[in-house]
Amino acid sequence: MSAGASVTAMPAENRGWQRDLIGIAAILVAAIAGYFLFPNNLALLTRMIAIMLLVLSLDLVTGYCGVATLGHAALFGSGAYAAGIAAAHFGITEPLTMIAIGAVGGALAGLISGVVILRGHGLAQLVLSIAIIHLFHEAANKASEYTGGSDGLSGISPDPILGVFEFDLWGRTAYVFGIVLLLLVFILLRILVRSPFGMLCRGIRQDPVRVSAMGASVKLTLIKMYVISGLVAGVGGAFNAVSTQVVGLDSLSFTNSAEALVMLVLGGVGSLYGALIGTIAFVWIEDLVSAANPFHWLTIVGALLIAVVLFAPKGLYGTAATLVERYRRGGK
Amino acid sequence: EVIKIGVVGPFSGPFAIQGKNFKAGIDAYIATHGNKVGENTIEILYRDVPQADPAQSKALAQELVVKEGVQYLAGFYFTPDAMAVTPLLKQANVPMVIMNAATSAIVTKSPLVVRTSFTTWQTSAPMAKIARERGVEKAITVVSDYGPGVDAENAFKTTFEKEGGKVVESIRMPLSTNDFSPVMQRVRNSGAQAVFAFLPSGPTTLGFVKAYNENGLKQAGIQFLAPGDLTQESDLPVIGDAGLGILTTFHYSLAHNSPENKAFVAAAQKAIGNPAELSFPSVGAYDGMYVISKMIEATGGKQDAQKAVDAVKGLTWESPRGPVSIDPETRHITQNIYLREVSKGADGVYFNKEIKTFEKQPDPGLAAAK
Amino acid sequence: MQTFFSIGVDALAYGMILFVISIGLSVTMGLMRVINLAHGAFAMIGGYIASYAARDLGLAYGLAIVIAVLGTIIIAVPLERFLYRRIYGAPELTQVLMTIGITFCVIGLANYVFGPTLKTIPLPTGLQGPVDIGFRTIAAHKLFAIGCGVVVALGLWYLIERTSFGVKLRASVDNTAMAAALGVRTKIVYAASFALAVGLAAFGGVIGAELLPVEPYYALRYMVTFLVVVSVGGAGSIPGALIACLLLGAIDTTGRYLVPEYGEFFFYLAVIAIVWVFPRGLMGRAK
Amino acid sequence: MSALFEVDHLQKAFGGLNVTRDVSLALCKGDRVALIGPNGAGKTTFVNLVTGHLRPDSGQVLMGGEDISNFNPMKRVRAGLVRSFQVTRLFAEMTPEEHVALAILQRQGKSGRMAGSFQAMPDVMRETYEILETLNLTALGRVPVSEISYGQQRLLEIALALTLRPKVLLLDEPAAGVPHSDTFLIENALAQLPADLAVLMIEHDMDLVFRFAKRVIVLAAGEIIFDGLPVDATNDLRVREAYLGGYANGSAA
Amino acid sequence: MAARLEVKGLSAGYGPTRVLENISFTAEAASRIAVLGRNGVGKTTLFATLAGQTRRYDGTIKLGDADLTHMESSARAWSGLGFVPQSRSIFPSLTVEENLFVGLKGRPRSALHEAYDMFPRLYERRANSGAKLSGGEQQMLSTARTILGKPTVLLLDEPLEGLAPVICEELMAAFSQLASSGEMTILLVEQRIQSALDFAERVIILERGRIVWDGSSEQLAGDRDTVDQLLGVASVPH
């Protein structure tokens, strides 16, 4: 029997990895398609990548651990400012180093946020996250010496990547750089979420009491995840600083946090694909309708969000996945 | 040939009214001057950045340049949004005409930036002189705690103290403040004869002015001084009688008495639909269009950013706000700053009545920064 | 001492205004368990209606309030029927998405219909101007708001804790299916509570308009404030919300008086401190 | 025999209600004890106090002589004190396979691993299916818990407790909701437990209690009113009156 | 007064999963029926479907003269259907008294004493919040709450679970009393087969969502083979 079990286990195992390979391939294809289909709009796609990293990072704590937060931009913004300040004030303009500094900044912010936010439960948790983002925002505003305050931190001019690839007007370098970062992060996260640690986190989301009754530390696990999430968001923030060359207070704002949450839910929480798809859908639609009607596009976006809840309650990816699953089951 | 101009501004969200004023100014210009400059036809493309967001601003500007092929970038309500775009200009060979963003330093970020609005330093500093003239010895400043607020505070304080007055206290309050009673209590306790205030135009100014009255500051004879952001025309009907008598210094009042302004206001009111919504960003946009048209003339419609900018250095003209010129060195607009008093017309409409003029004011902010 | 009283009065007034505006949200979030981010939108709709009634039609203030409350409820009924009913009991994040969507729509429509300018609700002469309360003056409308807050707090507490409607509402929220199986007409109970919450929002929007003026972005601008107040109090608890409003009002006012430049820090650090001590809010209901 | 697990003068009151009054007891290796008593006697509260889910007003809990009164629930589990819940607490979206595997990984200290997957760990998979098999859950190994019936969830609850290889196992009504036809699965599982493990079971199914227990403790109104052999319990007047009622007559026969 | 329950061709389930297939039976007024079957055969689903809580694909449900088929859950309650679910479903944030109050279905408050008479323990804990009751107390509350509404047909899903033996006896006696006095028709799911057989006059056995046995309880008691096969070997004490 035990042998049989491990045999039946294998196909599922392989299927999982096959699906991942397909997923990664799909991202690559989409990236290449984006490059050639919208060669004139790479800046938008680049911005999308930075936001995707933020939303992925949010998914780690919200989707996988069930921590409700409206303050996740604190991690993203800290990464952005860390990289930006390093470049503007300390002359560290090598892009990869900037990304690394951003990741560290994000991780630190993740640690602080995690320790504070995890103290609360339910709505109180939400409030803590709101408090955190406002404190970070206000701190950045106050430290205008370093951050430029509300005028923004300018004067970031990153070197060519690896000393070869210059950042250009069309944003090609930034785009390719972003895609490479995104793929790397995505693969690592994929491994993370299916690891025992990822499973533990999912358990915590569903019943923390049960997890502690298994002898695992809920708090410690979540804080670890928060730090990882900070790394990811920090990379996103730093990438944003590198590609935009300006860091604004908005990167540390409540609005930014809330928007990231909306994108995540739109795509479907608790799945990395959902995070990606949600971001693409939201940013793309926003760009489309706001270019078409810069004055009243908010109404249309609002209506679309409502429609998603009505017709795709599990988010775009979540609902699609359910439909495919049902089709498969029915097909058998 | 069609020449495209990309305008970035807040057309939705909390600052939608300011973006709407950009459009009104631009529409007014086109309505009065036509959409042709020589052989060339002007086409405007609007892009929305609802709140300060440099990344989005940059992405949109890049898209405008690369995809839409605009020859001019214009608009920019918020400083960071403008800052984010400056690094693009040279490579894109595109000049940028700032129609609002009011931090002095922007023009130093690229030689291709021209500004037709104002700076907070420019509009705030004269108020210190007024205060001194009116016998104020001790003043208190109250500003929103962010870039423009700090600019206003510094501008007033520096000038006021240079003129021999004393700023007894400087209060910076968070942008999100809704209830101003405690602040007013402090102002009262400070013993100052006048309060100099800066808040961004919009909903909070209402609460601020009301709190000034309700906490008895007006009765106590503490003068209310501010740059014109506090009494932008579209907020006046709401502030109502509470605002009467407030003194502000600013570059533009809708009530400015000149034929150019009458024509402009008529056209802009028509463009915006509801006349009550018109306010100062419209004039920055209108003059911005004028500057751009001069640039197009000078380059004959060819894309040559440096030539275009050089062509308007020193340009002088009669704007709806009064006589103005572009400082050849800073590329910022030199203009009159007016002292105005909130008044009520015979028709019951509130307006900013110009009562004194400071002529040909440059931007003192850049000098101060050096 | 003088200062102390002065701050106290401001704090009380501000806290009560917060209470009147946010308490409806406490009902939706705590009792109906819907994260209703559109609460501000309903308050704003109330404000617009009142402004139209009082300013454009010249109706009396009291009448304008009544019309605003009823009007907002009427607008909310179809929303409840077709949108909210779909998200009762749904995951919180789904509710967030839906109600944010509604808020966006309302903002966009308000911008379209009324334009982006501020709207006033003219006060009757009795509520205008300052009132001398001995050691200082205070705006008459603030005293009025304090009064309204007290009345709303008492009325609501009675309704929810002491009436059979309150029991049925709480039962439906705890377990809709079981309440229905015991004969509670849960749909009606929900619709009525929703109407109550929306009516309170509208009422608060009108009463608080002097401090939080009505404009399209109102719907989002104050959302955070409402959320914080309600959650710190413990959603669904009337006394909790009241204490939270007074406490946070006091903290905010004191902070802005003593250290305005660090007002934001002061406020949010205090919020963190409170939640640190009460991780489920001051009077969080057991789940 | 030295006590493996000891509870000393435990007290707990909720408001005015004394739910646990000076309760002391000890378990030794290999003990099979049933804790019974009327509804609301304080049995679950006792478990909550002992496992750290509730804080006692006074009294101590000792494991192997060590005072664990100040440990949090997680640390107590690591010290070998494991419980099951009276009302199932499971991860609704996860499968029984994942539940058990997670518990195994946790026990082995591998649950913090950030790479790899339990399905690729043959030893974990083998043990997982051994345990599921014991409770007849193999067929449901990959069905989300939300889609299996309550009785089956109860069995999984037991499986989880067993997986952690406790030294002292506290079972709160393990058979409640499990059909009588399946209680033998629980008994089988218990029978396979290592002999040196101490088990304390709360249960209202007297058939199960009397088949399982070598010793019975009766709690009433927060106090221990009986501690002794099962046969003696059925003959104790207070126990019969407070708890067993007619059952004593039936089974004594 | 007790009413007749008539179920015809009922199929139901959860979303795409069909659990019940073509269930038909009639419960005569004031009868006592036990519904038995192994783990997961659909007993709970059957009751939940009758109460209007799961998706019905097909079939009709009639209670007395009323057609419940398309009624909402609350309307079924007003037509006389009472349901005590397996999960107890206490309202955790309500006190014991408030929990009972919900079950009153408009009867005067004074009727609460009926519940307290049945379970004195509840009276002692009446101001406690539902969440803080012991398991057995919750079971008592859940049962009492439904009975307070004076249903004409009562569905009991494992009402004895977690109750002390003394109380089980009293409770079963009370149920028998309610049925034989003609007040209620009672359908009972119970794991303690013996208690169920003692109580019921008729037994329905489910297997994979279908009725596979329907007859009197004496008949079943005599039929060891059926019992072993359908209910499992260990079900009746040997």
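We just call them A, B, C, D and E in the order they show up, numbering each chain from 1.
Assume a contact is a pair of C-beta atoms (placed from the backbone, for glycine too) under 8 Å apart; a residue touches a chain by one contact, two chains touch by 3 or more.
It should be emphasised that the depicted structure is a prediction, and the values quoted were computed from it without experimental measurement.
Colleague: Can you check which chain pair, A-B or C-E, has more C-beta pairs in contact?
Modeller: Taking the two pairs in turn, the one with more contacts turns out to be A-B.
Colleague: If you take the mean of the Cα atoms for each chain, which one ends up farthest from subunit A?
Modeller: Between subunit A and every other chain, the largest centroid distance is to E.
Colleague: Between subunit B and subunit D, what's the gap in Å when you average each chain's C-alpha atoms?
Modeller: 73
Colleague: Using Cα averages as centroids, what's the distance between subunit B and subunit C in whole Å?
Modeller: That pair's centroid distance is 35 Å.
Colleague: From the mean C-alpha coordinate of subunit C to that of subunit D, what's the distance rounded to whole Å?
Modeller: 47
Colleague: How many angstrom lie between the centres of subunit A and subunit D, each centre taken as the mean Cα position?
Modeller: 42
Colleague: If a residue has to touch 2 or more other chains to count, which residues of subunit A qualify?
Modeller: 138, 295-298
Colleague: Can you tell me which residues of subunit B touch two or more of the remaining chains?
Modeller: Those would be 12-13, 16, 20, 145, 174.
Colleague: Quick check on the complex: what are the subunit D residues that touch subunit E?
Modeller: Interface residues on subunit D, with respect to subunit E: 14, 36-45, 86-87, 147-152, 173, 176-184, 204-207, 242-247.
Colleague: What part of subunit C is in contact with subunit B in the complex they form?
Modeller: 3, 6-7, 10, 13-14, 108, 111, 115-120, 129-130, 136-139, 142, 210-213, 215-218, 220-222, 225, 252-254, 256-257, 260-261, 263-264
Colleague: Which part of subunit B faces subunit C closely enough to touch in the complex?
Modeller: For this pair, the touching residues of subunit B are 12-14, 16-17, 20, 145, 171-174, 176-179, 181-183, 185-186, 189, 203, 206-207, 210, 213-216, 234-235, 237-238, 240, 273-274, 276-277.
Colleague: Sort out for me which residues of subunit C touch subunit E in the complex.
Modeller: It comes out as residues 164, 167-168, 170-171, 173-175, 177-187, 285-287.
Colleague: So in the complex, which bits of subunit A are touching subunit D?
Modeller: 1-2, 4-6, 9-10, 12-13, 16, 191-192, 194-200, 202-203, 206-207, 209-210, 212-218, 221, 224
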